[in-house]
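Sharing a structure with you now.
Chain lettering (A, B, C and D) follows the sequence in which the chains are written, and residue indices restart at 1 in each chain.
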């Protein structure tokens, strides 16, 4: 009868331990500014996100060497949301309320961002999101330093039309929101350019799809209709390696059917033998192979920091680089880390990117970026074969989607993320 | 009822039952008839089909061919274990199988003949007549002093008796008892034989047993199985003097 | 020996603690100033609420596994289905406040160019309907699944593997955007529940209290079931299935009843979980989640309802702790915990504590057994 | 020569680069003309302009000039080995061994030039296509008949009218039967689409194209120019019908082949589990991690070999097989000795403990090797594909099918024919009896578990060829593996074989019809229903022994 008392006592002790909180030194909070890092270090997304955690640690380290911000040192707070989307929200809440971080850099997948969004809105904090995404969003508390679809997908398709004279398109993606939106935008865009229905093939596969035999052979078939064919791949993360391996094995060469990918960067290629893939393309806003002094310095710093002379850099890392420096400038401009003031200070902030331009934070909380097209080299790097002359402004709402073409985001004048230019009201399409 | 061209009023009637596992014929045209309030001992070497026969009677195994009829009207080959149990056939396993995590008392309680459907069981409360039944049964299997112990703590012999008690609680018309004397002391064996003889006054009992002393104690008609069919049937003396029985079983 | 009484001392303490939490945690959160030592922060309230929802799931799982011997590796599916039912209600409550401002269609449907609400979304604007579905849908799935599986006498590992296949198939299905449940992103960005903002501390506190009460009620329900005669039959099924069959119980019906009941409880737990964490998406169906739930039960102590709830609480608190303190190494700690639990305390925390107390009691009171037995008899 | 290489030699690059192709066509017509020295200089100068357009024109000029080492220059350009010295605008060929030669003459470059900073001529896909087309032009004159045939086949697919004179010229000179057939088909492909050709000749050409019977032929017949005579259209329609009949059969065969290939991947992934789970009854949730360890062992082996014994590079995958077996086996034995041996007879608890072990192993690998993918190279002999009757088979998939069957056969032999196998079977069937007969059961347990783990490790070698080598590798296979073993029937290796292959084939037959996701869901539901029908799997053990 008293048997379970012990167990309950243990539970009580555990709960008590929890209530008192992690060993967060409350005293230290005054002389440092805490920066939250919310990237998965375990689970399926660790493969991509761990690098970003390291990049953030490096950036914070560098900033501290320069004397920190507002005379205070920056203190990184790393947590592991373990590729578990509800855990992202929980950890975001933990960072903001328990650790009292001034800003959070984090998330990779759209779902993780969607999961933490309500938390950032409720607790009024700041999130920098560094990954290319589907757009269709602009929130006051979030700054999107990755590419919107118009900064990646559309220039890539333009390039293929012009340079490769592609007439037939395979839009292959993983079945989730980013590929769905991107493909929807591309479909509308291609049709506007006169591409017929029968010349577009759309295919979705589940996450982590590993058996690509049928799909690659379908692509081959689709591509043998006599018109130049290209694959636009929004295939995500893990599924890319078996996809490219199958392409290589079935002899789909870049000169026959080029594949342009939006989610394959240096980090992903590090796991593939790229010799059979030479010439396939990727569209990003940054490539490690870009030769600028800023980039060289960044790469050297990164390799020194990770003590790995072969460690590669990639686009989302650059996004964090830009975002972090913008945040530092905005904090210094505002003279405080108070979220409201920093949010107001961020639009208009400029920061040199690593590819030779100066990116600017726009009122819609997206940034201007160059669009680069790279061809895969046999050493796992990219040859930049095209670069936009000017920086492209990130567009939160696509002009090619019926639901969002009338929407605008402007947090400076309109103070609204989904202003309807037709009804002149804030709040989406209206009824 | 007319079966195989003749009328029977036996309690249990097996006719030409065959069971095959992967080409191995466990039962081969077995025919057997048990009367009301009859006790029958079944003997036979390992693999003779004794357990398979019980499996057929209790619905665990479906025969490939043949008939198994209970009370001249129930086709056992079409019913499942629970339905057969409700008809009034109880079975005791070779190794004593009781609910070890339940008390002795609860073991009997669960076996009492009551509504077996889940919802009535969920809402049932023990009634005074049930308590009396349990008391009586515990007395009969000499476990009154152990009623609050977990069945798993009982000795081997006590478990055998508890299982017989559970069988009786079902108020069956036919009891199938598989090696009740296995692993018992001499005294326990004798007591078990007494108990079974007493039970057989009102119910039919089929006992499968290797222990010839025990079978002799029972003093009933004996059926000897071999390779899935009946080799000999009659009094123990008659069967044990049968040459073929000596050859395949006793002699070795 | 106390297992046969509807409520024993430990059960009463458990209920007391849970109900006290239901009152004290919200009170402390809402009434005490944030700098008070006893203040439960806004961060902790939904976190504790999540633990309580998990504890409910663990109770449900313990009912089938601990008492009926059915190791379900797919209970996360029932939990997630309940969560989706609640999520659909919460989506409908967003109304025109979504980013596209469509008054009827959730954002993800607007964005997929859907013109009207699919039929299976009808009715979810009503709370009572969603609540009913949160119970009925998991129940119906469990009933259908169990009806086939138990009648065919799929048992043991085989059953475990096909429950796992079931949740895996559901996960794949819900990942599909074409299914109409929001695909990978699932359902999120909730605004209101029953007209109250889900972000308001008061709503949070109320949700927490509701979860605590639901946990207490589930405990009572499970306790009532396992201490009834049906509970005894179910344990009999677990320990000697064919014996139970041969004394005339239709084992499959018992399993089906318990399995369905358990799935319904899991559904309720899921429905309470979703508004507190603010998102439901297909990864809740991941087989790993279901396995984790099994581990909570094992850590706490299988076949002791209390242990299951306690295990869920302990493991999840540990996870929260480790992912914050040891972000790079926490999987070692968690993995090590599971190995150590099975090797060192096979009966779980509650079992170990029981044994420990039992040993001490025996050494102190040699006649303890008869005293316990004597104390028990009049109660029955 | 593999089908793949044939495909890749593109002649006229699909016929979409008008100006360039015209140039090339002219160049082909002018093949007989002697190479002029200044034309070659002009061509080479184009490579030093560092503009894609100029490079493209330079390729055409080079083909027109047709120097003896033209093919070599193009090959160097295509693989990024063509460089130039910016000051003197000297074009150099960098050889695979690092030596430099002058493109102009083919002579070794002087040390003076070689010492200066060189720039590589940049290449993109457009240039690569031009290189292939140019190589095709050289190939039509190549001494190797296979190369000539391949070049002709490239024309067949591009059906570029401008190439007709060159084809006809080549036909006149062709002596090899195979190359001749290819050239004739190429000629037919052009004539089919040529509006001004005589009707009878076009109909004959339609038949010739239809006889080729592949996807390309179908594309040619499908895209007849508008306004073709009725008779030609009718002949084409008949040809299309004929090809499509064959294609539908070929598609079915192709899907079956894919199914067998997927099935053998499943077999490899599951076969180790068939031992640890099927034979020993350990619900080994860490099985996937054994596969992962095997894949990482492959990665390490390959790197070690590349660093210390480059000569063995081609065989590194073969060497990795025993290494992976031993490493994963050793880990398996360690797990058995430290964890599992305390849990025999408690199968569901092994589930929990091994789940913990799998978390630890994943994190350990993540800590040791980092979270990102590791690159395991595919040796040359496993690259590419062969095409048989329109069904394409990739070499690495064939290798995996054979390898899976080999592992299966080996395991069967081990269990059936060796004393270790006998002891394993004895212990798993009746531990106490085996123990009393003098078998050291503890040792056998450890060895059996090690064997199952080792086989899983070997599967990792194969999977490293088609999947990510990352800490999550094993997670992707664990559910499928359990399903295969349970579907096939626990404790029966043959069941695992048949189960894996039938699941693979069913999956691939469902995929074109239902799509990848729905197909998989349908399959899972089918397996669940199947288990209801046969609760002990495809090859269940029957009789009393099961009940024990």
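We adopt the following convention: a residue touches a chain if its C-beta (ideal position, glycine included) is under 8 Å from a C-beta of that chain, and two chains touch if they have at least 3 such contacts.
Small disclaimer: the values here were computed from a predicted structure and weren't measured.
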Required steps from chain A to chain B (each step between touching chains, minimum): 2
Pair joined by more contacting C-beta pairs (A-D or C-D): A-D
Chain of greatest Cα-centre distance to chain A: B
Inter-chain centre distance, chain A versus chain D - centres from mean C-alpha coordinates, in Å: 31
Chain B and chain C, separation of their C-alpha mean positions in angstrom: 43
Whole-Å gap between the CA centroids of chain A and chain C: 34
Multi-partner residues of chain C (at least 2 other chains): 172, 175-176, 328, 331
Residues within chain B bordering two or more other chains: none
Shared interface positions of chain A, touching two or more other chains: 41-42, 175, 204, 206
Touching residues on chain C, where the partner in the complex is chain B: 4, 225, 228-230, 232-233, 235-236, 238-240, 242-251, 253-254, 257, 373, 376-377
Chain D-facing residues of chain A, complex: 41-44, 46-48, 50-51, 163-165, 175, 204-206, 208-211, 213-215, 217-218, 220-221, 224-226, 228, 238, 241-242, 245-246, 248-251, 253-256, 258, 267-268, 270-273, 276, 279, 281, 375, 377-378, 380, 383, 385
Complex contact set, residues of chain D against chain C: 283, 285, 339, 342-343, 346-353, 355-360, 362-364, 367, 475, 479, 482-483, 486, 490, 517-518, 520-521, 524-525, 527-529, 531-533, 535-537
List of chain D residues in touch with chain A within their complex: 2-5, 7-8, 10, 13-14, 16-17, 80, 122-126, 128-129, 132, 215-216, 218-220, 222-223, 254-255, 258, 261-262, 265, 362-363, 366, 370-378, 383-385, 392, 394-397, 465-472, 475-476, 507-508, 511-512, 515-517, 520
Interfacial residue positions of chain B with respect to chain C in the complex: 58, 60, 80-82, 85-86, 90-91, 93, 97-102, 106, 109-111, 116-119, 121-126, 148, 166, 170
